[in-house]
Each structure stands twice: as C-alpha cells, then as structure tokens.
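In order of appearance the chains are A, B, C, D, E and F, and numbering begins at 1 in each one.
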Amino acid sequence: MTTRADGRADDELRPITLTRHWQDHPAGSVLVEFGRTRVLCAASASEGVPRWRKGSGLGWVTAEYAMLPSATNTRSDRESVKGKIGGRTHEISRLVGRSLRAVIDYQALGENTIVLDCDVLQADGGTRTAAITGAYVALADAVAHLRGQGALSGDPLTGSVAAVSVGIIDGVPRLDLPYEEDVRAETDMNVVIDGTGRFIEVQGTAEGAPFDRRELDALLDLAVSGCADLTRIQAEALQG
Amino acid sequence: MTTRADGRADDELRPITLTRHWQDHPAGSVLVEFGRTRVLCAASASEGVPRWRKGSGLGWVTAEYAMLPSATNTRSDRESVKGKIGGRTHEISRLVGRSLRAVIDYQALGENTIVLDCDVLQADGGTRTAAITGAYVALADAVAHLRGQGALSGDPLTGSVAAVSVGIIDGVPRLDLPYEEDVRAETDMNVVIDGTGRFIEVQGTAEGAPFDRRELDALLDLAVSGCADLTRIQAEALQG
Amino acid sequence: MTTRADGRADDELRPITLTRHWQDHPAGSVLVEFGRTRVLCAASASEGVPRWRKGSGLGWVTAEYAMLPSATNTRSDRESVKGKIGGRTHEISRLVGRSLRAVIDYQALGENTIVLDCDVLQADGGTRTAAITGAYVALADAVAHLRGQGALSGDPLTGSVAAVSVGIIDGVPRLDLPYEEDVRAETDMNVVIDGTGRFIEVQGTAEGAPFDRRELDALLDLAVSGCADLTRIQAEALQG
Amino acid sequence: MTTRADGRADDELRPITLTRHWQDHPAGSVLVEFGRTRVLCAASASEGVPRWRKGSGLGWVTAEYAMLPSATNTRSDRESVKGKIGGRTHEISRLVGRSLRAVIDYQALGENTIVLDCDVLQADGGTRTAAITGAYVALADAVAHLRGQGALSGDPLTGSVAAVSVGIIDGVPRLDLPYEEDVRAETDMNVVIDGTGRFIEVQGTAEGAPFDRRELDALLDLAVSGCADLTRIQAEALQG
Amino acid sequence: MTTRADGRADDELRPITLTRHWQDHPAGSVLVEFGRTRVLCAASASEGVPRWRKGSGLGWVTAEYAMLPSATNTRSDRESVKGKIGGRTHEISRLVGRSLRAVIDYQALGENTIVLDCDVLQADGGTRTAAITGAYVALADAVAHLRGQGALSGDPLTGSVAAVSVGIIDGVPRLDLPYEEDVRAETDMNVVIDGTGRFIEVQGTAEGAPFDRRELDALLDLAVSGCADLTRIQAEALQG
Amino acid sequence: MTTRADGRADDELRPITLTRHWQDHPAGSVLVEFGRTRVLCAASASEGVPRWRKGSGLGWVTAEYAMLPSATNTRSDRESVKGKIGGRTHEISRLVGRSLRAVIDYQALGENTIVLDCDVLQADGGTRTAAITGAYVALADAVAHLRGQGALSGDPLTGSVAAVSVGIIDGVPRLDLPYEEDVRAETDMNVVIDGTGRFIEVQGTAEGAPFDRRELDALLDLAVSGCADLTRIQAEALQG
C-alpha cells in the first residue's frame, strides 16, 4: 500500500461532509464536501410534470450540473455567456439525473417534478460523484418535505444512491481521486451504487493505456467498498 | 421611526458578514452576507487584456453577476440552459464592473485583467449591492496578491467602493431592503459610494408613483450613511 | 456660463422635432429628433397580453430599443447577425419600458398590449432620452387610436413622460449632451421626469471621478428644467 | 389594359424617390421610396477585407437587409430578439450583395470593404428591389467618397444596377407590385438588370399555378422596361 | 457542340439514378444520384399541421435541406455545431419546399404534414436540383402510403416536379453542371419545371458578366428539355 | 439459450457490413451496418491542429456524431434548426473521439488533424457502437492515405478499436441489441475494446433495476467475445 499526497490509504475516502438546509428556499439543500471539492445540491419541488408526461399520473426527476467560473484552478468561462452548454456539462447533468431516477417510484411521486441543481462551488476532482452523493440527501429531504405537506400518497424513494470515483495511478488502484491524482490516472472510473451494493452506473475510461479485466475488478471492488461508507454517512446525515 | 419585520430601525443595515478566502483558487474570494442574502464574490487575475486593449499598457477589470437557480424563492431557469443571458443579469454585471472600475488606476494595474464573478447563492433583496460591496474586498485581496507576487509596480486601487439599496415603503425611507420590503417599495434606489462619501452610481426607479426631490434627498442621505458603515466593515475585514 | 461647440447655452436643449404619423402601419409612429439624434418610435397595439398576465384584466406595455448599424460614427455590427442582444441594448429597452409603464393604468388598458419600438436611425448622443420622449408621443397616439376604436373603457394614460441627459463637462453642468460632449463628460446622468416634474428614473454614473452632492443637485436642477421644456413640446405636438 | 387600385397603368412604376445623404455617418446614405415602400440604404466603407481575402489585393462588397418590426402591416418580431435571422432575410441579403457585386471591379476597389445596410422603414411590396435600386446609389456615393479621399487608384464601379418586381395578377402582367397586388399574384418575379439592359439576376416563382414561356417573356419585357426607367432616375439623382 | 470533361454532350444529363425505399422508417425514402451527386430524400408524414394552420382543414408540406460535413471536397463545418443555419441552406430549403408545394392540393391532403428531408451525402454540383427531383419521388411514395392507409379522401398530388441546373461555360450553354463546370460558369440557372413543361421556379444569376435575352432563352430551352427527361425517369422509377 | 426476434443466438452479432470508399472526398469513408443500423463514417484529414495544440508537434483526432432526422422510427428534429446540440449527441461524439484517440500516437501523427464524422443514416439500436467500429476503419484508411502521401514519418495507429452493446433482457444477457431489445433492456452497456481484448471504455446503466456483479461479469464476457469478432471483421475489410 502506497502513501498518497494527502496521507490517505489507497482505499480511503477523503473527509466527507454533508451540510443539510444550507439554503432557505429549496425543499432540500445540501452542501456536500469530498475533501476540498464542494458542491451545493438543491432539490426544488414543483407541481406538474413536463408536457410529454402530462396526464400519466407519473412524476419526474431531473438534474442540472454546473460549475462556478471561480471553482476551478484557472477561471473557466461562464456557459451562460458562451450561450451554450458544453458537452461535459450535458453529460454529467444526464448522469446525475439518471442516477437519482434509479431510486424513484414515479407512481408514488405523482405528477410532481423535482429538479436537482448541483452547482460546484469548488472543484478538486470527483465533482460528479460528490454531486450524486449530495443530491440523494437533498432529494430525500425534498421528498420528506412533500410528504410532510401531505402532497404524496406513498413513498417515492425506493432506495439510496451514492457515487465515487476510482482510478489507477502509477499502476495502483485508488479510491476517491482528488484533481492532482485524476489528471495522472491511467484509468478513471465513476461508479454509482445503490444502498444494497448493486450497480446503477459504471463508467470506466482508459485515459492512458487500455485496462484489463483484473484492473477493472480491482476498481469495482474499491468502488463498492467506498460507496458502502458513503451510504452510511448519508444515513447518519439524514438522521442528524 | 417605524418598526420593520426584522426589528431593524429604518436607517439600520442588516447583519453584514464578509468571509475572505472562501475558495482556494481565485486570487480573491469573499462570501458576503447582507442578512440572508449571500453572494460569493471571486476575483480572478490573469496576465493580458482583451484584444481591443492590447499594447496600451493599461489593465482591465470586468464583472459577471449570476444567480443560482436555487437561490430564489421559486426556482429560476438556468441562463446557460436557456442559451442567453437575461436583461437583468446583463444590467447588473455592467453595474458591478463599472462600480469597481471607478477605483482602479489602469496604468498601475498594467496589462493584467481581473474578472469579478459575483454568484448569488441565496437571494433576499439587495443582491447587486451586496455583490459590489463583497467584490471590492475580493478585488483588494487580488490586488494584494498580485503585488505580493511583484506583478505590479504601483497600487492600482485608488479607493474603496460600497453599495446599498434604499427605498420608500409605506411613505417611509428605509435602508437595505430585504426581498419582502423590496417588492412593496414605491421607490427603489441603488447607490454606489466611494470611501470618501462621493457618488459613483445613483440609480433610482419609481416602482409605484413618481417621487419628488424631498424623497430623493432623504434616500440619498440614508444611502450615504449606510455606505459609510459598509466602508468601515470592509476596512475591518481587510485588516482581519 | 460657457459656450458650447454648437453655440448653445449650458442649460439649453438642442432643437427638438417630433414628427407624428411617420409610418402608416403602427397605431402611433413618431420620428423624434434631438439635434442630429434621430429615433423612430412606433407604438403597435394588439389584443391580448403575455401568457403570465392572461385573465388578469390588466394590459401590458413593453419596449424594444435598437440601433441601425449605419446610425453610428463607425458602422456597428447588427445584433440579429451576432445572434444576441448586447447588454447596453437590453438595459435601454428595459429603461424605456419601465419609464412608459410609469404613466399607464393597466386596468384602463384592459387586456391589450402596446409594444414601443425605438429604432435609432442616427446617433449623436442622448438616444435613450430621445427614445423615451418620442415614445411617449407615439404611445399617446396609440392610446387615442384605441379609444377611437372603442377598444378601451377609460383612459390608460395617467400622465406624460419626458427624459433628458445631463452631465458635467470640464467641471460645468450641461443639459442634453451630444456625442462629442458625452464622451468627455466626467459625470453622466439620464433623468426621466413626468409632466408634473416628479422623478420616474434617475441614473447617474461617474465616468471619471466620483461626484459630490452639490454636483448631483446641479444636474438634477438642469434635468428638471429641460424636461419641463420637453413636456411643453410634447403637448404642442399632440395638439398639432 | 386594366386599371390598378392606385390608378397606375400595368407597365407603370410607382412614384420613385431617391434622397441622398439621408444620414451623416456612412459614406453613402440613400432613402429610397417605391410608392409607400421606404428603405434606408447605407454604404459604409472601411479599410481591410475579411480574413479569407487578406493579401489578395482585392476588395469586398456585402449587404445586410433587415426590416424594422414596425415596418409591416402587423408588427413582426425582431430578429435580434429571436436570436436568429430568418430564411427570408438571409435570402434577400445574399441577393442584394450578389447584385451589387456584379458591377464591382474588386481590383480597383483594393483591399477595402463596403457594407450595404438596407433597412426597411416601411414595407408595401417590392422591398428587395427597392433595396437594390437604392443601394446602388449609396454605393456610387461611397465610391465617389473614397475616390475623393484618394483611397482608390481606379474606378471600381463597372456599371449600374436596378431591380424591379413584376407579376401576373388575374392573368395580367404588371410592373412594380405593391403589397396588395403581391399577395394576389399568381406568378411573382424579381429581376435585377444592369444599366445596359442585361440581366444580373432573374428570380421567378409560381405562387399559384405554374407559368408558361409566353408569360415568362411578358414579365421579362415589363422588367426590362421598368429597370430602364429606374436606371434613368438613378442617374438623375446622382447628378442632382 | 463541344466535348465536356465527362464526355457528355452539352444538352445531356449525367447518369440519373432513383433508388426508392432506401430507408425503412419514412413513408417515402429515395436516394437520388445525378452523376456523383448523391442526395437522400425522405418524406415523413405525420398527423396535424403547424399551429398557424390548425382548424383550416388544409395540409402542409415543408422541406429541410442539409449537407453532411463529409459531402464536399474539403470538409465543411456542421451547422448544428455552429448553432445556426447558413444563408445558403436556408435558401435551398425554402426553394425545395416551395417547389413541392406547387403540386400539392392542401385540401386533399387534409390536416396532415409531410416533411421532406434532403440530406446531401455527396456533392458534385446540382445538389438542389437533384434534391427537388428526388424529393418528388419520395413525396409520391409518401402520398401513396397515406392513401393506402385510407388517411386521405382524394389525391393531393396535382402533378410532378423536376429540376435541373443549366449554365454558360466558355460561352456555351450546358445542361446539368457538375461542380467543376459550376465554378467556371459565367451564368448559372436553376429551373424547376412541372410534368407538363410549365415553370415553377426560374433562378438565374450572372456569376461573371451579366447575360442577355438570347442567352437566357438558350438556357431555358436546355432546362425544359432536361426536365422532360427527368420527368420520364421519375415516372419509370415510380412504376418500378 | 433463448430465441431472439431476429433468430440470433444471445451471443451472436447481427450481420456486419463494412463498405469502404463509400464517398469520394474524405481520406477515409466507410458505411458500416450492424443489421439495419447504418452509419456513414468519414475521416477527413487536414494539416494543422486546434489553436491550443499549435507548436506542440502533436496531432489531434476528434469526432462528431449526428443522426439524420429520417433515421429514426419517428422523424426527429434537426439539431441545426434547433440551434443547439442535444446532450445525447454531445455525449456520443465525445465517446467516439475518446475511443479512437486511445489508439493514436499523436507524435507520429504530427501536427495534423483527423475529424471523424459519424452520421447515422438509419437507426436500429447500437448506433454509437457501430459508429466506433466503422470509424476505426475509416481512420485506418485516412492514416494509410496520409502515409501514402508521405505526410507522416511513423505509424500513428497503435492498435485497433471495436465496440458493441450488450444488455440484459428478461433476465438474459444478450449481445448487440437492436432497438426493439434496447428499449426493453433492464441493463444496457456499451463496451469499447481494443484489438488485444483490453478495455478502452465501459459504460453500463441500470435502465430498470440496479444490477449485481454477476450480471456485470456476464455482460463483459459477451462484449469481449463480440468485439473479438468485430476486430476480425475489421481486419478482413481492411485487407479487402
């Protein structure tokens, strides 16, 4: 086992913080921190669903991921000023939405929409996995809020979701990569796992050389164990 | 003197907080709070200036204001998704930039650019004036950072800037309006004032009935006194 | 009192012309000239209101300001070709709309919309104040047209509006700045005033050094007197 | 021979007016009127050419056609607000540019660019042909202006250009259609002709039933004769 | 009579191929080839009409023309990536739609919409005329498909449409220009003709010197004869 | 082992066709067919690299994926007309580019750019994996073309790439899903594998219920075997 720049073991998460009710207005609002990565996850609930779903009796959950210009090492241009959303933003927004929808029972949600806004306030690697992990807690708060209002008949949450990045750096599989490791990784994988340890999404990319089955297995093992920890931290936060 | 919903006197500011170094990456980063209004102001410095200014030996300062979708009472649409910036956003970005440029000596800044990103994390009235007040502190930190690096010969900061909103509610002039008062104001004014009490920008709008000279004078008096307090708070924060 | 390049006294307006019925199609159409500044103001009336106002029984007034590419000293790019509206255009469109709405009784207008198109055919300073001054006359014609058709029950016009620019050039406050003075002004202010001399909008900007209360007062005095003249000229035009 | 609503003979132009020097800034500026159709044509000259033509020693001429929202019977939406240019606008801009380039010697123009802005202030049919006819006069003024400045060695104008619309209404070929005839035309043709009577552009469209060779010939005859008149009127205006 | 690079006579078409049912999904799908020019024409039928036509009982036909980036000699940029459609694309889409609408009886079509997508897979001159010629066959297939479904009461096709390019190269009029001739043409004309030999659209442009009546007549003769051949080939394909 | 609608075994590919030189202009052009899915892959080579890579001595490879409106079951809107690229298109373009870059030696490519255009002419599931598989062959042709021209010193191709979709339908893992199976899949995975059987990209998504490690392993086994077949088919095509 090697030593990492921040002193962690290879299979150790960064310090994880979940601060609920960070904002006043949304039904759920969580500031999630994975080390220095800091994402504000807000779950806004509204009556009604998009046009293509009207009259179905089913609800909808969607997500928008974005990054403040000042979140990154070097200031990045504002997508609203450029007048279009970049491919990376699109891709992550879709991933976050898909991941959260995996634990939603649309029937129990009824014709309500929950939008998950994940705004990265500071980026140090793993922003998309932090976003998913925090968004789940914000979603749980929003669902509880709706149920408290008597707006729902059943419980639309069918499980919990957490996500973590894993990668191979200098031949060694590591959990929860900060930016400095992320750019050096030969292989980079983001894994979304539910509260029972089953996979919702697996996205692995060979950044350097292609990877073999043994490496893939090692990365999946790390991710499963990391997400189990995150699931526990989420549960504690929601009880807090 | 009337009593306000939050117990303040008519000429009293909300609790003001200026948290410096809120982010790791930008040269200056300040979380400013005017009561529940919370704006993250980042000052990012880079070498070089826009094309139209190249070779002039002069620097440039510009600003971009934006609001998180989750910052407002009801979720607002994301401008990057809409693919264009709204008139209000444009207007405030221009105001913030103009206000900060009023205390900049371009010659001393040299061919460097400072971008001020003011992202509203939570909105409760007065977001543009909080943005200007916080952006000044971020700008001062960025300038100090550049000077510390030996990147500047002189001091490009020629003064300080603060801003506050004032308005007439039920016939009474009041300082620093929260959202609840802002929507009820008959007249609404944003005033930007430098550290010596002189005006940089005066923007008054009759939301209900037109206003007369006496009302205008009362509002200006309130703003001058409020900005003097803000100037003092800024100076304390920068010494802290 | 100094002499200006065009021979005017410091408190004197440029020659003002208001040519009504310049176009055939809109309900009101006025070519307004402030010296060489020439703005075509059209008021188009239509039944119905924007979606967010439907069923309210209230009308709506809005404005769009634009400049022909050939209106300026050096040809400016066409915003339709660039695919987006600039911040300055947005800001002025909003100012014109707000100013005219200040004298509209939405109830009396009923669910009708009036759009004020202010297209600058030639620019020589003060285009936004000329636009407001001309748009009022076009609006009055459009309202008279609607009343003539029996489309309105009462009179939606609650007053008149005029606007003028003022500024400090070489330390001297002056009224109604042409382009040549505008670029040299240390302080620049646009003031919108109703027919009774009360303020609808005050927008003052320190272009050079910040300004003090005494200067602000001198500028407001000039604006009040200039707008009184404009109000008289508007009334004469509407009787013509 | 039938009688038309405005009393003209079938082969008669509407009253044509060409007002030169309508604006102060552009090198050429002509207000052209074909009856109630009113188009402001400005020719702005600048040094340099687009990137793809740099270093060729050749000049460039291009055109932009647009319509004020208030120019039409019913207010039309502003293309800058919609954020894109419509197909019709694109098509006409390209036609105007192509037509004027037909009489330009790029070599003699040198690396200079002339932009022709044709802004329709009032539309009553035939706006594109009026635009071409007026733009030629503005172009001639701009060229004369450049030559007066000694900016050109030779004469880049190799001829003159005029354009007119023709159409078949109730089976009868007619010249220079106003809006009321245009919408009723079975066949509609725009013809651009040079000063020697040769064709630069022929665009005929069957709006109702397809047309035969005899009808096509009759329309071309009308257009040739109408453009001969326009060529004479242009020459007179340029001597005036 | 001269010899052309590809050995054709001046009045001879390139080899024409019409492959029906090239795709599975659209109601009509035709791959049309004019020599090496290859355009995929699809006719997609759907119930309902655009908003402005609802309740009229009338159908609608429209077209969209586009080119693959890889279709041209040098790769061209993708319009979806640029975020806007170019003028040429707009213009051709409008031409194709207009041409096909000339043989449609909207009443017989009922409130159905047919969209003609003409995607150029390989460009070697004459893509717009190939598109029209192929789109007619796709449209005929789509109409037959709708009639087969019993969706229409009568026959909305009132005739057939074909189109061809003609031009003058080195003083000689020629039919159906490939790219190599197209760029050298002094005059270029696209002619759309119905099955009875009458004109639907005539678009002639002087690329080099203006052209006279005799040249225009020669070009029209060539186009009429070429389209007669195309009409026959279309009929054979539809019987195949 | 179950029977599939098209009679294939669960671990059997659809009929695969690779038609090289389908277009004349690009350096490589391949029509790839996976059953009824048909994608045109073109590799266009040009000298030079994007601005951010200039002077590095390194080449660049990028990809753009798109779908014809007529390719899908129901006509889809054209992204160029909508004025923006959808999230799915962005995501797949990025995936294709990343996959091909995994087998490129930038040094050996030198400062040349190869753009891979993957245009779906007909969609029946697996369009992104067909695109990658076809794009590799087009890329190999383009590289051979550049080497034939003497434009490259070494061989920039470090290996081959193929891709296939796998999924679980009714609890059974299956290879190469057509649309009909794709929409029913509980879990859907796209796997990109190099010629030596190592992973370049693994993207698995739980469409229905989350999946466990055993299911994931079964899917990976299927993909490895399917890609081995595709690698062989690619090699044969390149020898053909």
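Methods note: a contact is a pair of C-beta atoms (placed from the backbone, for glycine too) under 8 Å apart; a residue touches a chain by one contact, two chains touch by 3 or more.
Small disclaimer: the values here were computed from a predicted structure and weren't measured.
Undergrad: If we look at chain B and chain E, which chains touch each of them?
TA: Output, common partners of chain B and chain E: nil, no chain qualifies.
Undergrad: Overlay chain A and chain E by their C-alpha atoms and let me know the rotation angle in degrees, rounded to the nearest 5.
TA: Result for this pair is 120 degrees.
Undergrad: Copies chain A, chain B: same or different interface, half of numbers shared as the threshold?
TA: The interface is built from the same residue numbers on each side, given that over half of them are used by both copies.
Undergrad: Could you work out how far the Cα centre of chain A sits from that of chain D, in whole Å?
TA: 59
Undergrad: Whole-Å distance, chain A centre to chain C centre, using C-alpha means?
TA: Centre separation, chain A to chain C: 50 Å.
Undergrad: Based only on mean CA positions, could you tell me how far chain C sits from chain D in angstrom?
TA: 33
Undergrad: Which positions in chain F touch two or more other chains at once?
TA: Chain F, residues with two or more chain partners: 83-85.
Undergrad: Considering only which chains touch which, how would you classify the arrangement: line, ring, star, complete or other?
TA: Drawn as a graph, the chains make one closed cycle, so a ring.
Undergrad: Which chains make up the ring, listed in order from chain A with chain F immediately after it?
TA: Here the ring, read from chain A toward chain F, comes out as A, F, E, D, C, B.
Undergrad: Can you name the residues of chain E that touch chain F in the complex?
TA: 23-26, 29, 36, 40, 42, 44, 46, 64, 66, 68-75, 78-85, 89, 115, 117, 119, 121-122, 124
Undergrad: How about chain A: which of its residues touch chain F in the complex?
TA: Going by the criterion above, the answer is residues 84, 86-88, 90-91, 93-94, 98, 102, 159, 189, 193-194, 196, 198-206, 209-213, 216, 220, 224.
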